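First up is the structure itself, then whatever we jot down about it.
Labels run A, B and C following the written order; every chain starts at residue 1.
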Amino acid sequence: MEKGQHLPSHVQHPHADQPPSWSRRRVLGYSGALAGGAALGLPTLAACSSSSSGSSEPTGADAKADLVLSSWQIPADLVAYEKFATDYKQTHPNVTIKIQETPGGDFNQWFTTQLAGGSAPDIIRITWQQIGRYADNGGVIPLDEYVQGDYSADFQDAFWKAAQLDGSVHGIPQHTDTFATYYNKAILKNAGVTVPASLDQAWTLAQFKDVLVEVKKTTGKYGMVFGFGGPNTAYRWLPFLYMMGGKLLEDDNVTPAIDNEIGVKAIDWFASLYREELIPASNSIKGANDAATIKSFSTGDVGLMIYGDWIMTDVSKAIEPSKWDITYMPKDVTAASDLGGNLLAVSKSCKNPAVAADFIKFVCDSEHMKYFCETDLFLPVRKSLPADSLSFSKQSDQMAVFVEQATTIPAGMGTVETLPSFNAIQTVLADQLDLCFTGQQDAVKTAKAISDGIKDAVS
Amino acid sequence: MTAITDRATPLDEPTPSTATARAVSRKDRMTPGRWLLWTLLLLGGLVMMFPVYWVLVTAVSPGGLSQDNGFSLWPRQFDLGIFSRAVRDQPIWRWLANSVVIAVVSVLISVFISVLGGYAFSKYRFRGRNLLFALMLITIMVPIQVIMVPAFVIISKLGLVNTPWAVILPSAAQAVSIFMARQYMQAIPDELIEAGRVDGAGELAIFVRVILPACGPLVAVLTILTFVWRWNDFVWPLVALQSPENYTISVGLASLNGAYSHPWDQIMAITLMSMVPVLVVFFVFQKQFVQGIASTGIK
Amino acid sequence: MPSAETWAPATGTTVAGPAPSRGRSTNRVPAAAPWLFVTPSLLLFGVFAFAPIVVSVVLSFQDVQTFGGGEFVGVENYSDAMSKPLFWESVRNTVVFTLGTVPTSTLLGLLLAILLNRRLPGRGVIRSLYFLPMVVSGVAVSLIFAWMFNTDSGIVNATLSELGLPRVDWLTSPGWAMTTVILAVVWGRIGFCMVVYLAALQNINPSVLEAAQVDGAGRWGAFAGIVWPLLAPTTYMLVVLNIVFSLQAFDVIYVLTGGGPGFSTTVLVQYIFRSAFTDGKMGYASALGVMLVVVLLLLTALRNRLAKNLDEDS
């Protein structure tokens, strides 16, 4: 099929008029999807043809819409989105996309209030941990009719699965982030510690603790800090549960699976870091704040910091990049790391979901995902963009480590963190783990309390 | 008509004459004991000021104090360029302008309705007066988290979202001001009002010619408090204002403190800059201010 | 036109509207008059204050997500709340917090006002130092206090160390966390109380005070017998407002401690906040809000009843 040719008119696909830069691969992809979909009698296709008679929203070059996209206020990201909006306007001259900032403070408070008033942004950049809940209560709408068939093929399976609720897609993954270990070169050298050379050579938890003890001797204060940042960030502990072979919920996504030997072991190992003063007491879940955490690292109070790629810029401002580097997360039975990153979703308040979905697909396509990740230092979620295909604008060596580490994000953890009830589950985690890490409750009681609390939360 | 003295005096006290009271008695001399007291007060004041001083230090230290370790009350390095950088990176003037507009209009509306309402509650007896007043007090007691969503839905239905009115109108319904106005006006002698009626003046005329001239201190008090509160308010405005160009300065500050980026030095620099207008208002109204609150507390 | 100095003091009580008991009343006060003055407030309050409260009360009887429809569940939200340990813990913390902040800031404000009422050099500047905290925005306050009181790197502990005193786990021990939070809030509140009292003091005639002291009452006697009673209405207003502000304190505490360590600084409004937005249970959160208001109203009614009894006794 030649570029720009219309699809047979008896199948009104929302993407009948594609911009000239439409690649051959996508053409085949869509038409193949249509054929395949028709053969399998997929409900999405039925929805598509019914919407062909009902909805007359054009999404091609003559689409007309005024949309708002809201993103976190990371200055570089806002610039990137502005660029995308301008580029999109080249081929869709009547579509204006305004880029707005999601205000600081509690996301849920802001977003649910906006939704209640019908003035939520049309396109919202949202985290994995929050999308489940808004998918469930209708805050973000299903996008199935816009992402049919082969569209998902290039997305890494774990992420595409996590973007669905009951088989229905509610957001398109734009990028991921993960945790890794920042280390202070001088301190580790003085402590006589060498960092793992590859992912399989990552420290085991036992080795990691030894490292922390040595580092503590060198700094005279503590060994490490961890990326907690308040009550909403307790979930960042979960990789330690999963790397020990444990899990938070059984496969039915309802029954707690933490009140057992592995669960207790995972909780206790982390709590021992506080007990043995390898990590500052102020770095507990509820009391932590980013500034203090980064400051501990930049002033040399600690030698290691387990945190995400997104704070590399802040860290570079606080301590010169030549003085620190990144290595892998510790591992145990298996490797695991934090599920970070964002999806782009369409909110209930959107009056023109077809165009909104189209713009989202534009931003999340290979070319733009690559640009976004390279410029703003994020991790891609497409199979066609492996680590070595990217050349990051800066800190490329460090980003390469993060890209590799991102392959260890446990799929099961991803499923749990995208459940609608995850906010409530997370609160339980925050409450109980904080009690444990501040020494007010032992690991056995904590595991049981988490289990009970989860049962309460999902009922 | 003779205006009453510009400080409403309690009914049961002889009217003091400040001139005589201010005659310097031996009480006003600075004794060694007084100097000690003065020093303690000053030190206490400096301790109170210290966190604000720390805001300044964080603002002007390069990297926002992240480099600093160890005990140091004075920044080792200065980076005054932070102020110009903050102005360059954020729409500070826009934010300040929005804050001024919202605060001034809020003050105007709030003072207007509070003075009117306070008069009604204090000087008239009418059916449902106490119930109505109690209802207004209830509005102070309800936490904003509870009414935030219904209030926002109402604002949306009125089509006011993302406009300054979304912030001005709900905050103008400020029962604290009406409470204070009522307390203040209870001290105004009723006989003056009666006298006005005897003279055949209409209710509105009485209000304008008898009551208002006595309310200078009250107006000053309400102005300062409303201005300070509106200026620093950010919980509601954060939700009601959506585009960065409509933000007030405190919303802008709160929004900078995001989940994924924390430009601490900018946040502190902007905090300092935002304090200036409020301090100016305080200094300007200060003299009246002190006198005004006096009358609100005394029945 | 009579002036303030010529009215006869014996007329006494407030007269509002027509006074039939006085017999000859040639002054007709139009019944509509008070309503004219109150209507602007009513309009504004009606739409922006009363309406949301009514909605909240209705929601408190429903099981409803933060937006979208809900189902009627009667008093289940209320009974649920009272059966949850976290509810009672947050109530307890709130009471402790209020007891810690209200008397402290009120009395300190009073003390400062009295001391700064005398003629001292630069007293205007010193007063401003104590008032300044009220002017700083909430975001900055929380952040600064979090840094200053950081156990390891905060300036407060660094100063204590320099002075040879033991370091304190300000924000990391359950016991001290509440104290630190109280400190942060009192810091901002003192200026407000001070200014209110300063103004009230201006209306007290110094010669009356002097006379009392010459009579042998002494400084303390003059204060207790004259100043304190005269300040009673101001104290009443300040205490009421301070209690209300303390019961609603949330942002500063949340940024400082997140409600931790554990639950030691989780106050009722934080519990309401997380029920409404983190758990998405708007109906439940509304019920909590209603309970808070009811308790406050009961306290106010109780206080008024007591005050009336005291008045009747005296």
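In this section, a contact is a pair of C-beta atoms (placed from the backbone, for glycine too) under 8 Å apart; a residue touches a chain by one contact, two chains touch by 3 or more.
Keep in mind that what you see is a predicted model, and the values were worked out from it rather than measured.
A.B. asks: Trace the shortest sequence of touching chains from subunit A to subunit C and report its length in steps.
C.D. replies: Graph distance in the chain contact network comes out at 1.
A.B. asks: Per the contact rule at the top, check every chain pair and give me the one with the most C-beta pairs in contact.
C.D. replies: B-C
A.B. asks: Could you give the separation in Å between the centres of subunit A and subunit B, each centre being the mean of its C-alpha atoms?
C.D. replies: Here the centre of subunit B sits 43 Å away from the centre of subunit A.
A.B. asks: Between subunit B and subunit C, tell me the centre distance in angstrom, where each centre is the average of that chain's C-alpha atoms.
C.D. replies: Subunit B and subunit C have C-alpha centres separated by 15 Å.
A.B. asks: Can you list the residues of subunit C that touch 2 or more other chains?
C.D. replies: 66-67, 143, 147, 153, 273, 276-277
A.B. asks: Among the residues of subunit B, pick out those that touch two or more other chains and give their numbers.
C.D. replies: Subunit B, residues with two or more chain partners: 65, 69, 145, 148-149, 153, 254, 257, 264.
A.B. asks: Would you give the residues of subunit A that are in contact with at least 2 other chains, written as numbers and ranges?
C.D. replies: Residues 109, 112-113, 116, 291, 295, 299, 301.
A.B. asks: Can you list the subunit A residues touching subunit C in their complex?
C.D. replies: The contact residues of subunit A facing subunit C are 106, 108-109, 112-113, 115-116, 133, 137-139, 221-222, 230-232, 280-282, 284-289, 291-292, 295-296, 299, 301, 423-424, 427, 431, 434-435, 438, 440-441.
A.B. asks: Which subunit B residues qualify as touching subunit C in the complex?
C.D. replies: Result: residues 1-2, 4-5, 7, 9-16, 20-21, 25, 27-28, 30, 34, 37-38, 41-42, 44-46, 48-49, 51-52, 54-55, 58, 65, 69-71, 73, 109, 112-114, 116-117, 119-126, 129, 132, 134-151, 153-154, 169-170, 172-173, 175-176, 178-180, 183, 186, 189-192, 194-195, 197-199, 203-204, 207, 221, 228, 232, 234-235, 250, 253-254, 257, 264, 267-268, 271, 274-275, 278-279, 282-283, 286, 289-299 of subunit B touch subunit C.
A.B. asks: Which stretch or stretches of subunit C touch subunit B in the complex?
C.D. replies: Going by the criterion above, the answer is residues 1-5, 7-9, 11-12, 14-17, 26-27, 29-31, 33-38, 40-42, 44-45, 47-53, 55-56, 59, 66-67, 112, 115-116, 118-122, 124, 126, 128-141, 143-145, 147-148, 153, 155, 158-159, 161-162, 187, 190-191, 195-196, 198-203, 205-208, 210, 230-231, 233-235, 237-238, 241, 244, 247-248, 250-251, 269, 272-273, 276-277, 282, 285-286, 288-289, 292-293, 296-297, 300.
A.B. asks: Subunit B touches which residues of subunit A in the complex?
C.D. replies: Result: residues 72-75, 98, 100-105, 107, 109-110, 112-114, 116-119, 121, 229, 290-291, 294-295, 298-301, 310-311, 313-314, 317-319 of subunit A touch subunit B.
A.B. asks: Inside the complex, what are the residues of subunit C that reach subunit A?
C.D. replies: 65-68, 143, 146-147, 150-153, 169, 171-172, 174, 177, 255, 257-263, 273-274, 276-280
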